[in-house]
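Please find the structures below.
Look at the two complexes coming up: chain A is in both, with chain B in one and chain C in the other.
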Partner chain A sequence: MSTAHQENLARDVPPWLFVSALVTTLPHVTHLPLWLSVLSGTFFLWATWLWRQDRRQPKRWLLLLLVVGCCVGILSEFRSPFGRDPGVAMLVIFMAMKLLEMRSRRDAIVLLMLGYFLLLTHYFYSQSIFTGAWLLVALWLVTATLIRLHATAMSAKENMHYAGQLLLQSLPFMLVLYLLFPRISGPLWGMPQDAYSGKTGLSDSMSPGSIANLVQSGEIAFRVRFAGPVPQRHQLYWRGPVLESFDGTTWRQSMGRRRAETIQHTGDVTAYETTLEAHNQRWLLALDAPVSLPADAALDGRLSALAQKMVNTRQNFRISSALNYQLNTDESPGVLSHNLKLPPGNNPKTRAMAEEWRATLGNPQAIVNQALRWFSDPAFVYTLQPPLLGPNSIDDFLFQSKRGFCEHYATAFVVLMRSAGIPARVIGGYQGGEMNPRDGFLVVRQSEAHAWAEVWLEKRGWIRVDPTSVVAPDRITNGIVEALPSGEPLPIFMQMHGGWLRDMRHRWEAINNTWNQQVLGYDAKRQLELLSRLGLPEADWRNLVIALGIACGALLILIMLWALHNAKPEAPEIRLWRRALRKTGVDCAPWETPMALVERLQAKQPALIPQMEPVVRHFLLARYAPDNTEHLAALRAAVASLPRRRPD
Partner chain B sequence: MRLIDNLQQRLFRWKTDGTAPIRLDQRRIFILPSQGGLLYSLALVVMLLGAINYNLALGHALVFLLAGLGLTGMVHTFRNLHGLGITAGRCTPVFVGETAQFELIIDNNRPTPRRDLNFAAEKGLSSVIAVNGHDQAKILVPLPARQRGWLTLPRIHLSTRYPLGLFTAWSYLQPAMRCLAYPQPITTTLPESTLPTKGNASHGLGGQEDFAGFRERQPADALRHVAWKASARNNGQRPLLIKLFAGGSDAELSLDWSATDPGQSVETRLSILAGWVLEANGLNLTYGLRLPGREIPAANGQSHSERCLEALALFSP
Partner chain C sequence: MPVLNAANQIILGKETEVRLAATCLLAGGHLLIEDLPGLGKTTLAHTLARLLGLHFSRIQFTADLLPADITGVSIFDRERSDFRFIQGPVFSQLVLADEINRATPKTQSALLEAMEEGQVSIEGETRALPSPFFVIATQNPSHQIGTFPLPESQLDRFLMRIELGYPGRDAERALLTSGGRRTRAEQLDSLLTPEQLPQLQREVADLYAAPPLIDYVQALVEASRHTSVFRHGLSPRAGLALLAAARAWAWLAGRDMVLPDDVQAVFPSVARHRLSSAQGGNQASSTDIDSLLKRVAIP
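Moving on to the complex of A and B:
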């Protein structure tokens, strides 16, 4: 067999390559543009067809043409060659096209390296347990293929078995590296714009319907673990953006910095740790009112806790909140007047009613109560499907349709208050949450998104008023599913009242949460904690590198020992015989019997005979006599008495 | 160059291994990343940067698992050679221009198979073998014979990339083996003059009734002696056959150095003599060989021809 022949791919290798290419690219189908998936699939089928028919692979120039075509297509699709999505698209298409150019082992190796690389790209989109498991299987297959390239006549089972063995032996290295490799909290360079796209969550503005849309999503917004007792459900208002500017349809955050809040709190402080999913905004969704925040977060003057940077990965925050508090009793006149502004001209009926209340009641607290009483009219319906409203949306809502979701009620209430001369604003966030009995985490989903109002009263500061609690009290005490009338288009996950289904979901989410917290959540901070627990406080990267080197070295030595001491030891008399030959410097060919050796020595090196004769005699007896222990000892003695050869 | 040679000599412990069986131990196995391994490590570095930049926890895990895989693969590549037993076997003589096949017996003392063992005595000319667990296998290491005489097996480069191809482990073997290379035969007609006149002039190719059977064609046999019909029955699976004729001529043939053209070089004259020996042997003639300073009395048969060819191979004027 010549080298050239061996470098050619054996006929039974390509199927392995096809499977490897498939498992490493397939999950990308879910987010690649359709034409790219179809094209890659076509290349794949083409390659398999060529292989089955035993045909020649396409010419170089044709492939080159196809590559150029695909690159142009990708460029025009994504408008940029840089970034996550075009990069992934390129890799996938290269992988599919490389299947059409598999002439030698080197081509196959390039393809498999590309496969290993592609495995990483899946984590841009998901790091769930399922993705992890899929990729482990893919890794296994690619590794088996790599082995197949370098082994002839190996059965598939044997091959997979060996690949599995190699991966199992690599696991300790992975663990050590995962725990000890100095973690750098990225990014190392500017992130492409699309790096964090496709995240759901509250936005920084609110118009009718925006929260109703969000509620349809069963995604988890954040998880909370309370250090002490869990507050009651109606106290769980998780504050997001404070919306103070209204243009008639849309509420927005107001610009500008505010002076720091003055919070007077009474009663206990609730401590908790929030695991926030990425939502590409800065707010931390703390319980009102946060009194202590982590170092990399601060209040914005409106009681919203903001992180220093956008939360675009899952992050943990330790927060303490006081549930009984007074906020900004000394609010500046500028802020108050800003919170009285309304777009001029529209909603005349609403304004008229509010002004009438102001004239008759006078006292702001009485006006607030009057408004809530107004909403408690059973004609008001809490629904996910409100009718479309005209330009005077508040008038239409309050006096005609009377059907709306939380954002409608909060908006209408704030407009009423501002018209009556009471400073008021809309707060976006989440309300409630579901306790997972499996792991004790409170899970807050997008479906718990909510909007409520805050009014400012003399001497009492900003007070939370939730008109939804009057319209649909169940929303606050029992959650959205109970509050909505039957027949609302709720996603299936919310309709899982059933005991075991709910329990399954809780189990699954608890497992996911453990995965998130323990595996994915391991970062530089946790690394330091672990090291200080191991007795290495104040560890810097130098200590880490040393520890890592020691651990990896120890593992290598272990696996080396396993590798080298797997051989069956030779019989002791053979070892002694070899030692005797080494010591005397006698060369004994494999076909030469010990007796023949003696004969030869007698002719050529008679000086050695007195030494070698007992060795040969005892060796033969030790080797072939029925009971050899005695002879073995004699042989050992004879070999030991041989003089060591002088080095030549 | 001298310095490099010296350095290699020390680093790789080049020395002859004698005829004793060789057992590869850690002192004589060397290992370095292969081209594929370099590509792999480059991919890992890029992947690690990506995982850090995008803060991918599982990306870290993947890169670390792959790094571990690389290290494990290194140990396994090393292990594929470690403890391997190599024993020198036989080597049948060849003619110059042919490729000598040095036989080595590979002994696997481990229950798991060893694969992708590449033996190369010369660059670009290697043979690959796999040995099952607790088994032995024979391998023929090819080496072209370029000069007549003893062809000593040079240092053998035994290498493997199994299992992952990320590392190349290699070892140098130098078992004391040699192979006799006969002079390249030149086919000419047998010397007429040496034929006794009373003999049959047809060189023993005689009558059909003297046909004695077939033998496999030696590379030096002339094509015109091939039994094409008989060979065709083998479908090319086996070497071509040569017709053998019994008796034919019982004349004694003397293949004499002095009968060759003195104007030719020594090597050519030896080649002509080798051609004669083959031809005479093919015709099953009885012949003797006369060289300056050496004379082999007339005889016939395979061992006789081997003796003659050996004398030609080792002839020094």
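Moving on to the complex of A and C:
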């Protein structure tokens, strides 16, 4: 065996290795540091150039130097050798460098095994359909290369064909493993700790521009399927963080526990199922006001539904909400006074106007109406490109620029209310959503991020007031694209809002959604459901392992039965011949004739000749002569008289 | 085998090739010898003809050779006031077609038709050729100037194609010291009577080939069809040729059964001129043939 591994590589093998190395590493380019990608690419080109020119590969000391250099570079880039990113970077650079060290078959095998492992690492970054398809093709190519390494006489097409056959044969096992492999969450089984960075979404604070940035993203925040009729668009307020503390520029959540909400609801309850993308926060973005929540979630006293842990993987849950409700008519005085606080001294004009309203109107409801009337002035423009504001940002906005986005209107409104002595707060979340007619899911994107206000009125509790709906009614009824003034540049994905492009997008998103729901959404819970349907209720991981063993065993038995059924019964002389080879420990290639074998032994192991010669003679006679019964007996005797091989 | 021994006295250092040539004749097939000029092709043909006691004629193919120069012509006999057929050189038991690829395709096909049918049709009359009837054709590699390469369909009519190659060092030395071999070949005595050869051929054809061996021949032919290395696979005729040649090889080795070794020994000579490489337009390389053999497990 060892000699076969040290064999030099055939000249036509390296191109296969190059392609394998390329397909297994290429998608990592999207998140590797640029210098690493460039360096790996250079090594790759260097290796292909050496091959094309038929030149010697670099000396060992040079490679060692490069390895040390790369390791130092990676350590200084990531500051740690552990975790997903440095690990993957290391593997990618090693893969590229191994191409420079392709001397023997052993090197090629190392490279291919590294390739198989690298394939897995792509799932740390993406589990989309595209990644899945890419990795299947890559798996196919790497397997074909592995075959190429051992079967030099095959053509490229045959190689691919053979590899495809192998993969197809492994399909049943893949399905069984997918369905039955224990889905334990734990450090060994789960994703690396740093796998969740870079997920975007609402943040737990809001300063001017933060939502406007989010709106540029067409990424999907969550999908909702309603059990009953879909509520009207202007009712779709998905609540995220409740922002109660204001320091003059930034709104933040207030700390501290609140007592449970008192919600009185009238009318129907809307039930729906949300598939929430990872956003590294806890809120579940329920419709106001949620009346039933999943078991591992709770309201936080401000009507935001929170999960127990950060949502850092895609999650699926059911919620029911009452769209007509009264919230906390008995709100505690402490909370109310907290929602009246403003940083002292700033925005004097706003305060003066609010105080004037309070003096003249007196009635809180009238003050709210007055403020909304103020915003209905056509001078107020809804735009994604507001001008920069000074330190008294609310004054600047209300009296000078009058151009802003939902966060400007919501915050200005809340400051006005607090100045007029009405408890008020800013709510972050999403508003609206786009119905995908292909699969009936309501898709809510980051671009639907929104901010609105809530005021507390005597006997009526917290009431939602959305000043944006006064400035740009279209934002609420038709979505952001309709609300923006014409001529304002739109993010690319928003430009695809008409015709067949939108239809294509709907289709694609519906396919993705199915993938998420059906394939990626198969988690421990669904696995348990499936097992209990199969008659294995309360399956713990031990039962799973047993079920897995049984299923794989059954598959193997089926395959073996099938093979036995199709196999021709082996002739007795062949069986005896095999036994003779086993007993003497002689290797005989499938194409090697017994006579050629004897010739080879004569040169290499002449001691075996006296034993093998009668075996070969009788085997040939038994197999190829006209009448073989007596030769068969002679062969049996010759094989029986062979001494057992001494263990070496 | 006395014939082989005697032939090896003339063609020095080419035991395998001589044995292959004899195999071909024993299997009742035509032989194509391809190599550069001066390597002993003609001498080999000559030697075999003499040793086997066959009536021998030789046709030197040239660019202006006509079909009638091979098959013969009818000329008017004034005394008998009738046409009289003058047989051409093809009416011999062993025809040496020297440098067959120097003649035009039309002339080539006249000979090849005779090879296939065992008869010639001249002026509407079919005339049987003597039996046994062998053609040993020699050919220069087709990249030589002034050659018409044989088309694939006609190459298929030769049971085997062999190459002689340069002689070994010792053989060449012996050749240089003792002079050329052509005259010696012409002085050889025949070792077989004309009746013996057909009988030997029948013996060869009846040699036992076990089912596993026929499986092996079949597997080889199938493997040649299921690979992209060759443009076309081997034909059923090639399969028959392979088995016939393997039988003859086994008979020459003195066995009464065919072994996979026999198949492997004759396979390159039987298969290579029938297969063309899928990449270039040329004939398959010997490494292609070798790797084909190594891909097929012996059943």
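To be clear about the criterion, the second predicted complex is superposed on the first by the 544 of 648 C-alpha atoms of A that agree within 3 Å, B and C clash if a C-alpha of one lies under 4 Å from a C-alpha of the other, contacts with A are read in each partner's own complex, and residues count from 1 in each chain.
Just so we're on the same page, a residue touches a chain if its C-beta (ideal position, glycine included) is under 8 Å from a C-beta of that chain, and two chains touch if they have at least 3 such contacts.
Quantities reported herein were computed from a predicted structural model and do not represent experimental measurements.
In the superposed model, A:G535 makes contact with neither chain B nor chain C. With both structures placed on the common chain, the touch criterion links A:M595 to chain C but leaves chain B unconnected.
When the two structures are aligned on the shared chain, A:P344 is found in touch with neither chain B nor chain C. Of the two partner chains placed by superposition, A:P610 touches none, neither chain B nor chain C.
Set against each other, chain B and chain C differ in how many residues of chain A they touch, and the higher count belongs to B.
Legend: residue contacts after superposition of the two complexes on their common chain; A:L167 is shown touching chain B, with no touch to chain C. In the overlay built on the shared chain, the residue A:G267 is in contact with neither chain B nor chain C. Of the two partner chains placed around the shared chain by superposition, chain B is the only one that A:V519 touches, whereas chain C remains out of contact. Judged by the document's definition of touching, chain A residues 152-154, 589-590 lie at the interface with chain B and also at the interface with chain C. Those residues of chain B lying in contact with chain A across their complex are 18-21, 26, 35-36, 39-40, 43, 46-47, 49-69, 71-73, 75-76, 78-79, 82-83, 87-88, 109-110, 115-116, 124-128, 130, 134, 161-165. Across the interface of their complex, chain A is touched by residues 208, 210, 212-213, 227-229, 256-261, 264, 291-298 of chain C.
On the side of chain A, the complex with chain C involves touching residues 152-158, 571, 589-593, 595-596, 620-621, 623-626. Those residues of chain A that touch chain B in the complex are listed here as 1-3, 6, 84, 105-106, 109-110, 113, 116-117, 119-120, 123-124, 127, 131-132, 135, 139, 143, 146-147, 149-154, 162, 166-167, 169-174, 177-178, 181, 183-189, 191, 195, 313, 519-523, 552, 555-556, 559-560, 563-564, 566-568, 570, 578, 581, 587-590.
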